[in-house]
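Structures incoming, each one as structure tokens.
Shared between the two complexes below is chain A, which pairs with chain B and chain C, respectively.
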Partner chain A sequence: MVNRHIVGAHYGLKDWLAQRVTAIYMALFTLVFAVRLSCLPELDALAWQGLFASPFTRFFGFIFALSLFYHAWVGVRDIWMDYVKPPGVRLALHLITLLLLIGYAGWAVHILWRP
Partner chain B sequence: MSKRTVRFKIYRYDPDKDAAPYMQDISVELDATDKKLLDALVRLKAKDDSLSFRRSCREGVCGSDAININNKNGLACLTDIDSLKQPVVLRPLPGLPVIRDLIVDMTQFFKQYHSIKPYLINDDPPPERERLQSPEEREELNGLYECILCACCSTACPSFWWNPDKFVGPSGLLNAYRFIADTRDQATSERLDNLEDPYRLFRCHTIMSCVDVCPKSLNPTRAIGKIKDLMVRRAI
Partner chain C sequence: MTEAIVSKPAARPRPKYLNAVRIRLPLPGIVSILHRVSGAGLFFLLPFLLCLLDKSLTSFSEFVEIVSHPLVKLLLLGLLWAYLHHFCAGIRFLLLDVHKGLDLPCARRSSYIVLAVSLALTFIIGVKLW
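This part shows the complex of A and B:
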């Protein structure tokens, strides 16, 4: 096959926007979480468990995890796109990254909602 | 200022003679009237006429004498020779193939420039006189139309180094926004379509090296931000 110059995938805006939105959410969550931590009378395992017993912490914590994984997906994919030239290797790296992050999301559910 | 000697370290490469590029140590005596780096380069050329570099207007309008000066891209004709730390290290613009000494092959750069259709697209029959704009509409083109295509910005951009064939680069994107922002242009939507691509536009990671080096003090990062802004407004 002749090595044709091809661009024009017509996507990218959604990921770019999501990267920014998830960054803002993570910054806000971290701030609120840090304030809640500093308000605890004592910082031990019991207090930590108490914090995560609240369904709100779990819900917003899960959104935090999803934000982190989406943010990481765009960032890591950008690294592969910048530096890895052979399309086959790049596709493989994309898939590995994606599968790992989906796995992490499942793991996050398990950690947050285990009895 | 009186006569003074300036020391240089210059990237030399003649593919017909040299097996590999090398750095040449050379110094030159300047006259009191020699103010700019280009004046010194012209004196160096008189001393060693094998030294090759591009130059034309010698006043920052043609953009042909863009080189890497002490590790920062700039125009030789606009750079005060006395402001430079010695030895002055001169290299060709990074990231583009070297033709000889300080001359680079700009084909890739201009390919990207042409890919954004750098001309007004308007299918209406031309009016008897000019196509009018309000002062506010004209104001939006300031900081865009002044680009002289010297390639200082694009060759200072790591995203352009890694993907010069796919990423339009700061200069191309600044010029793309120049036509997107032009109220006389009718192809805004096609222009945005043309740029909506993970490589063409979204390789820009806003590190702003382009803004740092632009000899005309333009801001490609801001123009790129405005393109993204329009895309968001179009999509949501």
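This part shows the complex of A and C:
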């Protein structure tokens, strides 16, 4: 038997949870990154680019980027749902937001994994 | 019918619509709307931030040239505040989610702390990086 929640208290729970999980990950990443930055002897090209050449920064930075884009999707979609009532306009804004974020994800991969 | 209305005026005129300029938000409300505004600002300037990160990793001298412009510095200072406010207010909301600090005095105090800490951090980091 398929037990689907079309309406009711569980509707949107997945996004609600994802918004919080991504927020916690990003907060932890931010703190660790801030500590690593403050440990650099000098904030110059060599140190900055060295930081991003590390496989750790690439791996966890990529997860940060994905978290950011998913988090932004939930938040920005909430804004459109609150303020934009005409269904056509709202759908268009949702699509533009989604496509932009997917594009940014590709861009982030390109930035992080450039040789 | 009309006489009844005339003889008994409403004690307080009730607002017919929400006037965003005349509403006086309580402190937790201000933190909440700024959380939304800062989030929206960060989203709209994501391409700019990705561009800067890209530049900083390919040509650091060009990156330095861009961020040396006073207007860009001002914009980045605004984005720094947006990130820090979103960060601090977000932690407050996560605590409220797990029922920490729900009573009114506590909620007011934590709103004040969020506003103050994010502004103070913006100032400290801003001065360091300017």
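As a convention for this text, the second predicted complex is superposed on the first by the 104 of 115 C-alpha atoms of A that agree within 3 Å, B and C clash if a C-alpha of one lies under 4 Å from a C-alpha of the other, contacts with A are read in each partner's own complex, and residues count from 1 in each chain.
In the analysis below, a contact is a pair of C-beta atoms (placed from the backbone, for glycine too) under 8 Å apart; a residue touches a chain by one contact, two chains touch by 3 or more.
Just so it is clear, the structure is predicted and the values come from calculations on it, not from any experiment.
Undergrad: According to the stated criteria, A:Ala47 is in contact with first (chain B), second (chain C), both, or neither; which is it?
TA: After superposition on chain A, A:Ala47 lies in contact with neither partner.
Undergrad: Thinking of the overlay built on chain A, is A:Ala27 touched by chain B (first), by chain C (second), by both, or by neither?
TA: It touches chain C, and chain B stays clear.
Undergrad: Applying the touch criterion given at the start, work out whether A:Arg114 contacts chain B, chain C, both or neither, answering first, second, both or neither.
TA: In the superposed model, A:Arg114 contacts chain C only, not chain B.
Undergrad: Once the shared chain is lined up, is A:Tyr83 touching chain B (first), chain C (second), both, or neither of them?
TA: After superposing on A, A:Tyr83 lies in contact with chain B but is clear of chain C.
Undergrad: Touch test for A:Leu99: chain B only (first), chain C only (second), both, or neither?
TA: So A:Leu99 meets neither chain B nor chain C here.
Undergrad: Touching A:Ala72, do we find chain B (first), chain C (second), both, or neither?
TA: Second partner only.
Undergrad: Look at A:Leu37 in the shared chain and tell me whether it touches chain B only, chain C only, both, or neither; answer first, second, both or neither.
TA: Neither partner.
Undergrad: Have a look at where A:Leu91 lands relative to chain B and chain C in the superposition and call it first, second, both or neither.
TA: neither
Undergrad: Per the overlay, which chain contacts more chain A residues, chain B or chain C?
TA: Partner with more touched residues of chain A: C.
Undergrad: Could you list which residues of chain A make contact with chain B in one structure and with chain C in the other?
TA: Touching chain B and chain C on chain A: no residues.
Undergrad: Going by the contact rule at the top, pick out the chain C residues touching chain A in the complex.
TA: For chain C paired with chain A, touching residues are 36, 39-40, 42-43, 46-47, 50, 53-54, 56-58, 60-61, 87, 90-91, 94, 97.
Undergrad: Applying the document's contact rule, which stretches of chain A touch chain B when the two form their complex?
TA: 5, 7-17, 78, 81-83
Undergrad: Residues of chain B touching chain A in their complex?
TA: 158-159, 162-163, 165-166, 193-194, 196-203, 205, 228, 231-232, 235
Undergrad: Over in the complex, which chain A residues touch chain C? Could you list them?
TA: Checking each residue of chain A against chain C gives 20, 23-24, 27, 30, 44-45, 48-49, 52, 72, 75-76, 79, 100, 104, 107-108, 111, 114.
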